[in-house]
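Shared chain: chain A. Partners: chain B in the first complex, chain C in the second.
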Partner chain A sequence: MLTSTNKSRPVYPGLAPRPFAQRHLIAAEGEGAAAVAELVAAGAADFAAKASILYTAGASAPSDPAGRLGALGADSLATFPSIETLLFRLDAMLATAGMGTALYVTGTEGFIGRVIALAAGHGIDHLTIAAEHRGSLARRVQCVHCKGFTENVTTSVVACSHCALPLTVRDHYSRRLGAFQGVCVNAEDPSEAPVAEEVFR
Partner chain B sequence: MGIAFRTETFRDDFTFRNSPEAVRRFPFPFHEDKYMYAVNIEPHVPGPKGSATEFALDVDEHYVSELADRALVLKDDPLRCQSLPHMITAEWDFLELVMTSLTRDYPEHFALRQDGDRWHWTNRPLGIAQAFTFGDAATLPQGPMEYVGRQCQGDFCLLDQRDGNLWMDAGIITCQADWSLDFDIGMNFMEWHGPVPLAHQMGVFERALKFLLNLRLGQPVRRLNWTMTVNPRLDTSPENYPKWGTDRTTITPENVGSKLHLRVELQGLWRLPRSNAIVFSIRCYLISLDEIATVPKWTRRLARVLASLPPELAEYKGLTRFRQTAVDWLSARDDGAPTSAGCGPE
Partner chain C sequence: MIAPQIRVRVRDVEEVARRVKRFRLEPADGGALPAFSGGAHVTVSMPAGGARPLKNPYSLTGAPGETAFYEIGVEKVEGGRGGSAFMHEAVRPGTELFIAPPANLFPLVARARKHLFVAGGIGITPFLAMAAQAAARGDRFELHYAARTSDDCAFADLLMQRYGGAVHFYHSDRGARLDLAALVAHQPLGTHLYVCGPERLITATLDAGRCAGWPEQHLHAEHFASPPSGDPFDIRIAGSDRIVPVAADQSMLEALEAAGLAPRYLCRGGACGECETAVVACDGTLEHHDHFLSDADKAAGKKVMICISRLKGREVTLVV
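Coming up: the complex of A and B.
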């Protein structure tokens, strides 16, 4: 489901070291830990010494079971109990980030979207952010009716976690919101009983 | 002289109707007996006297009632009007375009006095008189785009141009055919057209974007788009889909003539002088099948267009539930005679 004919559907080219960056700011969630290890391995000898890693286990993996991140020798490694707390720290770091800082993000799509939306608030163009999808295909969905967000959606149809309407999850994606669009599936005939299929495992 | 404005509704009791004159000037969108996407952009030059394209911005008999409906939508959902902070110059450009166009083309209804930056605006149909300083948003009751958007029929998007693309960074959208400004704001041209089927593969959007990036000041362009709407409802937003979606199951052979409406969008695009942004206007015209049936050529042509529409397009436009009923009703009034070329009623 990572390919789509919908042109608003993001693609994530993957993490590659930015050789001329003065600072590597890396936000990782869940199984993104493995992508960070590969990124550091692919970088120059001084890559780790210029790297700050922010990690949370998030929803898609228990933690960094192999302890790979600690062994990378990064200048700093901070581990957070949730995506929200990681974003709070990242927000502060971006506020003081200097010229030549490269931003990398890896993990589930909902996490990537939230980091890119946060960075946009600091004037960082999404095209300059290296992103790699790892882990579950679960989606972050915004209900177009009540505007509430539902996290870790693996099915279409899904009940909105705010207004409870049954939502079809479209491929239409808003970078500003970091979310896919959910639209009521049986608005035309509420007597139709929607069937939820697991499509974003 | 001047336009006789109707008092009518676009919700609840749906008293909207077209006068016989409004039917004759309806911007019928089909120039032949079939339909497929095309980059059907043409210069927005003055059309025939009395037509919907005679002037830059068309004001018609529905003006007062349409803007009353817009006010109701905005009261219910303020997110239908949004503007990102860097769009304020484009907002003033847009205000200038609307005020100067309306006063030039409808002097009996609108007036604008300009003394340097000190402007005085009069809108007689809506009973508005406003002195303000051009460029100083604090002198208007709303932001410039919202202020003037509440006084001009049609939805408006302001498109910023950068990085070889157009970005939908502001808009006032209350009579949309099922798309969400709140969701799409900040998207580029390819992204906000993402859900449209078939056209991407045909290269339609690449060509349209290339054309629009080169749009020149003083040389606006236009195109027509269309869909169908049950009941003359302007606000067919995705936000309110649970409120109007059930309408689509109510069409019967008995009521299709009065209930089902052809919905035509006259879309105009203007380059703006200070911001280099583009105004994208989407003006909605509604006409019932009963009203179309007063024009034999349009009846024949719509019957044939609907019958031959590709299923993906019918699905995307939301016509699937009632298309056959409409085709049957129209075809019964189609004598099989050839239709003349062009969109006009004769």
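Coming up: the complex of A and C.
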């Protein structure tokens, strides 16, 4: 669910053009491509000419989004084979960007979290980053026991992809890690075997 | 709650520029003062002749971490309410004063990639401690300091000596103007801008940042406002028959304190929001001078910051 009583649970107000920005740096994953198209359409006439788009299909399987993005007329469009490769390039772009550059991110929550965590390392306040959730509600989860990350988690309980403990996925979110907290579900009695439910489709 | 006051003794007084004196304050009872961070201020109570002491906030200018003494820089304001004149004329080594413990409404952003400090005149004071803290952390920073003349440029030698090329001076009598648009145009992403000085400089600096596409979260200002004078009026305390008169040169907060009440406060300059007070009824027009309430709140007239705002009219009823 995207609503929660947990205060650490992030909300994503959606993409809107930042007025007066000199550059627009847009990181998009999977179905976020549609949000990028809407963002460019909502922007001023010179928005696309000031925009750099970084795109990866990521975990989703969208229908030719890169083709649609190509038609937007952005100053530059780069497509990446994975989230990791996109982040590597984004890191280098943030290192040389100037104030007045607006950062936008859209896609699954795990992707948004990783971009915001990367930007924080460059001194960018997370509230200045426009974010829009698109696509699957799958979560990026950190196991509190072994600290390993498990990507694209759609169920709670889920087996940690590193230490194999069965984890309850909580709404407790870490902005630093860009991940939800997974806690062993049967620590008291390992003989219990709770059923995994698909809750983050 | 309001923290207890600290009794301090003036260790020494030094003239550091035309009309600016630096005071070193040490704990009167020995021991150590509370630690503070760059950008923090203390509120000094000054027995300046009235029934109740005047209270002015002053930035701490010493290095954060120094707890044996505090330093404040005070500019003598002509035609002010008498606080700075009292500090300049009546306070000398050995004088004892009361201060409220440090509070910080202007802290460094720990994750900033670079700090850009813009100071005008006496607005330099918070940056002395902030620059010291940034330097100690190994943070990148620049200080841009505008003053009318080199005689008005307090702490210039000290800043040059400590930070050299990171400090840039602009003296208007020599025609050197701080070009704000150029300054904000080429800063690395992740820079945070901090401005302190005259209201005009603050507005121009923040506007320059916004026009260059800087987000609000990266723009920080310290407003050194003192309560403006106006016409006298009355405060009615809601739920009682009690009336507290506010003199022409008195703030509502000061009037309530003089009447023996103890409203909450922190900055006494309309910045922090601590003294926000509910307005029940109002015969007249509220004159909001604070930087805390939104324009919508100011228009609604249901809240007022009693440290700095006034009434133009007969009577305002407050929940105190």
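Worth a mention:
By our rule, the second predicted complex is superposed on the first by the 196 of 201 C-alpha atoms of A that agree within 3 Å, B and C clash if a C-alpha of one lies under 4 Å from a C-alpha of the other, contacts with A are read in each partner's own complex, and residues count from 1 in each chain.
What we mean here is this: a residue touches a chain if its C-beta (ideal position, glycine included) is under 8 Å from a C-beta of that chain, and two chains touch if they have at least 3 such contacts.
Small disclaimer: the values here were computed from a predicted structure and weren't measured.
After overlaying the two complexes on the shared chain, residue contacts for A:101 are found with chain C alone; chain B is out of touch. When the two complexes are overlaid on their common chain A, residue A:122 makes contact with chain C while staying clear of chain B. When the two complexes are overlaid on their common chain A, residue A:46 makes contact with neither chain B nor chain C.
Looking at the shared chain after the overlay, A:22 reaches chain C, while chain B stays out of its contact range.
Ranking chain B and chain C by residues of chain A touched puts B first.
Look at A:176: by the touch rule set out above, it reaches chain B but stays clear of chain C.
In the superposition on chain A, A:145 makes contact with chain B only, not with chain C. Shared interface residues of chain A, touching chain B in one complex and chain C in the other, do not exist.
Against chain B, in their complex, chain A makes its touches with residues 5-9, 142, 144-145, 147, 165, 170-177, 181, 183-184, 187-190. Those residues of chain A lying in contact with chain C across their complex are 18-22, 94, 97-102, 120, 122-125, 127-128. Chain C makes touch with chain A in their complex at residues 109, 111-114, 184-192, 209-215, 217-218.
Residue ranges of chain B in contact with chain A, taken from their complex: 79, 180, 182-187, 190-195, 197, 200-201, 205, 238-242, 245-246, 248-249, 321.
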